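What follows is a pair of complexes built around chain A, which joins chain B in one and chain C in the other.
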Partner chain A sequence: MRLLRFRGGGGGDVATAPAPIDDEPRRPAPVQPGKSALVKVNFGPHHPSTHGVLHLFLTLDGEIVVDCEVVFGYLHRAIEKLAEQRTYVGGQALCDRLDYVSAMTNNHAWMLTVERLLDIEPPPRVQVVRVMMDELSRIASHWIGTGVYGQDVGVLVTSVMWAFNWREEILDVFDDFCGQRMTYNYYRPGTVYPQRLPDDYERKIRAICDRTPGRVEQMHRFLTRNQIFRLRAVGVGVLSADDALSLSCTGPTLRGSGVAYDVRRARPYAIYSDLDFDVITRDAGDCMARYEVRLDEILQSRRIVLQCLDLLKEVSPDMGREPKQVKPAAGREAYVEVEGPKGAVGCYMKANGTPNPERMKWRSPSFINLGALPLMSRGWKIADLISIFGSIDINMGEVDR
Partner chain B sequence: MIAAALPARSCGSADFICGAGSRLHDTFPGGTGDVVIAVIKVLLVANFALINAGVMVLVWRRMMAFFQDRLGPNRVGVMGSLQWVADGIKLILKEIIIPRRADRTFFLLAPIIVVFPFILAYAVIPFSPTGIAADMSIGILFVLAVTALAFPGVFMAGWSSNNKYAMIGGMRAVAQIITFEVPLLLSALGVVLFAGSLSMTHIVGAQQNVWFVVPQAIGAAVFLMAAMAENAAHPFDLPEAESEIVSGYSTEYSGMAFGLFYLAEFGSTFTIGAVFTTLFLGGYRPLFGITVIPPVLWFLAKAYLVFAVMVWARFSLPRFRVDQFLSFGWKVLMPLAFLNLLVAAAELAIFPHLVA
Partner chain C sequence: MTPQAVATALRRLGMPAEVESAPQRGRLHRDADTDDAGAEAPATAPVGVRCEVPPAQLLTALRAARDELGFDLLSSITATDEGDHFALLYHLVRVADLEFNGFLLLVSRALKDKHPDGPVVPSAVPVYSGANLQEREIFDLMGVRFRGHPKLTRVLTWTGFSGHPLRKDYEPVDEEIPWRLAGLRGPDGTLLSEEDARRAEEERDAWELVDSDASVAAAPHQQGGGGEEER
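Showing the complex of A and B:
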């Protein structure tokens, strides 16, 4: 398999970074008498903290990262090609396998695209349910993001175990709604399936919402205010707003650099324009900023979920109907972005008059945010590289597709 | 002297054996008796050290599970009490894979070198008034010297593995011991100043009036941190930082070769607890004069308490970066250790009756 590589770009260097020593990463470094030799290290694809099968080809000067080349493709499943052989509804199951930590937002991007091809809009109740699922999904994903970041800076799995336990409750809710815990395949054109909402969903979701602020506070006590954690996260891996924009970063990676861009506000979809929530930003652009943006977004998502619970009592009980035949007219194409936990998730589809899309293209935020890693990590130590990498919060399923 | 002060029935099992040894010595004065006593003591200490390390693994895992909202091992034996035996058997049965271009001799020698020091250190730890395998006059010096012997083993492991991560881990280990050996010795020096002796039993005896953790609070804190750093215990486990350099110096090890590193880690964690107890927590001396509990149990309880504190730190703190960590050693612990020495001298001049 031919693996893809990129070395990052963007303007400017990290202030403390030494100039990149050699341009050709594969060329062995010249050993000069009295000077330390550069060491090339294959960091991954099976390394405990590459969150899956990412491969970083590092050039090290002692412990300092001189160059970092991102190699990926080890988890490539040709999902975009497979989608051409699936129907518009059946193919949704493929996008569950992309960012499997937050499959609901993937479902949403997919189904909004299909709906735009068909020119249909689901009834309000369906939209409220979808937004509620998206936001619960965001909470779950941000728990993983912050908990695993704790492990990346060296907490021995404690924060990860907490995060997974807290996420588990949200997965239970998803199980009630759609019978699946990770790969939901919940949305349908114009509706969701099953259409009947579970019996005591409100009590369960409210219980989660009640516990969430305490847990965010627990995370703050455990990590944010820990002196060692601050040493490892504050000022490390600064990404300027200009660089973040020129590398088209989105999500907490962009908002951590002070750019208040959120698809839910910039180009509202579903019912987001009616909801009351803040776009969280931090100006520092360091690992701490990205981490704090996630924790604050958990609280904002909780706000949205509570609003959705109230809205569900008000809106009409109409759950919509799934069209008998999902066959958009030939030549139609649509591109829809939703705000996933990791950034803007985009789905492009082109119809050719058959039940299958002619072309599907997925914009995965993890993949694009990962492009900022070489820029951010040059000049930092190996330990900081892990901290920076963890603060981007990528998902390899989505990077490789 | 101290043994005579305590009632005979309060002796632990270690006392019993050693007492039997001295009776044997009376019966057979000369060579044979001495040899038998020595063999019994060596067997006792070595086996206690190894079995205790296994028990610590269990305590460690259950505590870890407690911190992480999960159950931990609870299937093998009563409440998972035999899990460490099962793990040991598994490790012994597994193949020791040696990388093709590794230096075989040093690769296999390294875990053995690493595991010896902590067993040797047990020899001079006074578990009870008579429960000490070798009451050396330079006990504390012996402990500190012998535990430092593990690091050549660690560096050998890192170097012989022919792996870049292992090499980085080994180099970090060397940087670490150079940095933290100094504050460790300096903080122990305060206690030596108080006790006026390097002997472990004398140090315990000198704490009759007050445990040294009270006048030597800074020293105790510095000693614990420096000892944890020297033992590469989290949050100072840079030589084997999992999220950075896979498993550091032990990356290429498998089977019982890895098991020995694991054993040494836990064994030396207990050694820290035991030495800390001896130096600062009054050793086997009872708290509030409760002599019903035998001294050996008092000692173990205190040592396990220190161990529990270390496990607590292990699962609640993130890891330092290597440069931050080394500057912490030189710029924070070192001055504090010197300050502690000054404090010790001043206290000794002002309150000479602190020491028994």
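Showing the complex of A and C:
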């Protein structure tokens, strides 16, 4: 029986130093149209790697992607039309269903817009609670984004199982706060509901924060320093800063290309101007950069959550009051963006004097970031296309709305 | 760059820009006398610049905003149905500028016309390529055509869908949505509209009915019974 042995440095001994990190970036193949017969292939909508029902219409030269057309709409639920028939408060339940991995930030965008229409501002304690929920939500979403990206590039299930387990603890906290695990419907104009915070929330959230740095390190050990993972991510799908800006990308997709644009810093909402955190960027613009931005943002979000826990002891106990009637004056309009885990989540609303909005428009970052996929994937193989697609971290509920 | 400076620069370019103000918000009142701070009327602060441009000048305005004023990110395009016209709202951002903490909002109004797919406005894709998907979405749901767009097709509804659902005069189909008609092609290979596809299907069904009746009449009794069971 022959055994395959790893012939690394040091005379073939497996248990020597960790594998050297080979950072010579891979390059896309030159695309030469007209040289050979091109094949058109439907990728999805029912493909396990498309995170739902995304349909890619690929033009292939052998295994090389020459052109990639993104086809949407299989999950279109006409949320913007439905919102015109719902009240300002009741319609919030719709936006939970958009990016269902991080519904708290969606709630925040919706309620900030309603509050801007009504010209009210929640008391500090409510804002601290909202920011804390947003950041926990961001941690949960980034766990999914990085863990599932590991699966996209070939890790069997390990990183996914970790990610879902770690997210589960955060969902338990959300369950304590609002009684829901995924679709929260937690915010109200000027307050949150229920207003009473759970009894031992601080212990639970601090426990999560204590374990988070170790988990990030665990992810780094398992994925970031893994030779195979690096081959699939370093240098793959490079998006330059100019292209990313021109394509209106936001979130980790833009920050991975070296542009320090974060809505929390550029247009601070809630209490973000009083909080201490860094905007994470990477200059490489490849899949690895986008992945690393997410892991680093988890640590920044943890910092913010800890600050919020301290602030909750300082601020006045006033939890605000929901207005009896939510009926903004006719003709008022507001557009508010918040920083979601996938990018800038924007909500536009126009009032017409009735309890329902005249028009609601959702700026979904996944939808717009996907516009960069054809450019990024040109010249790469199909397997790399999956890696590039996974590194954008999209959510089909938000893409198709 | 302060909002006032942006508005002045836009006015110098011949565009009627005005600074928008909103109550100062987003500050955490950590003082003990929070009630007093809350009782004061909140001070207003400039939050952005709003500028109305006619569709003919839209491309010029977008170019000026990007090249001369440095608005490098077209964050969002929104279309609203205002009765007699559509309003297109372009929210622009200066990415590296923390002083200008708002949006430059360009509003362009296009009068409705008789064409079922709506009026024509210039596409922003030559300036901001990220406008591609957003303009397709607006064409699909609101019915505004963009001149110069590389591929103006439906994006969220299916090919062959008729109407533009976000318009105020759109009447939702109050029946089972005929998914089987999506993408049906006529004899010459072109995509059929929903009405034509439905008519074609009805005609085909009518022919099949006549055929099966004739076969029932001509065939022996057992075969006819079998056919009915199948149906």
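Brief remarks follow.
Note that the second predicted complex is superposed on the first by the 365 of 401 C-alpha atoms of A that agree within 3 Å, B and C clash if a C-alpha of one lies under 4 Å from a C-alpha of the other, contacts with A are read in each partner's own complex, and residues count from 1 in each chain.
Following the convention adopted for this analysis, a contact is a pair of C-beta atoms (placed from the backbone, for glycine too) under 8 Å apart; a residue touches a chain by one contact, two chains touch by 3 or more.
What you see is a predicted model; the values in this text were computed from it and never measured.
In the superposition on chain A, contact of A:126 is made with neither chain B nor chain C.
In the overlay built on the shared chain, the residue A:39 is in contact with chain B alone; chain C does not reach it.
Once the two complexes are laid over each other on the shared chain, residue contacts for A:308 go to neither chain B nor chain C. Look at A:345: by the touch rule set out above, it reaches neither chain B nor chain C. In the superposition on chain A, A:76 makes contact with chain C only, not with chain B. Shared-chain residue A:371: touches chain C; no touch with chain B.
When the shared chain is aligned, no partner comes close enough to touch A:289: not chain B, not chain C.
Once the two complexes are overlaid on the shared chain, A:363 sits against chain C while remaining clear of chain B.
The partner that reaches more residues of chain A, of the two candidates chain B and chain C, is C. No residue of chain A lies in contact with both chain B in one complex and chain C in the other.
By the touch criterion given at the top, residues 22-23, 25-30, 34, 38, 42, 72-76, 78-81, 89, 91, 93, 95-98, 101-103, 105, 128-134, 137, 141, 154-158, 165-166, 172 of chain C touch chain A in their complex.
Of all the residues in chain A, the ones that touch chain C in their complex are 72-73, 76, 78, 80-81, 116, 119, 121, 123-124, 127-128, 245-250, 259-261, 265-274, 311, 314-316, 318, 335, 337, 344, 346, 348, 350, 358-359, 361, 363, 367-368, 370-371, 400-401.
Contact residues of chain A toward chain B in the complex are 39, 41, 47-49, 63, 150-158, 161-162, 165, 222-223, 226, 228-229, 231-232, 381-384, 386. In the complex of the two chains, the chain B residues touching chain A come out as 64, 67-70, 164-165, 168, 234-235, 241-246, 314-324.
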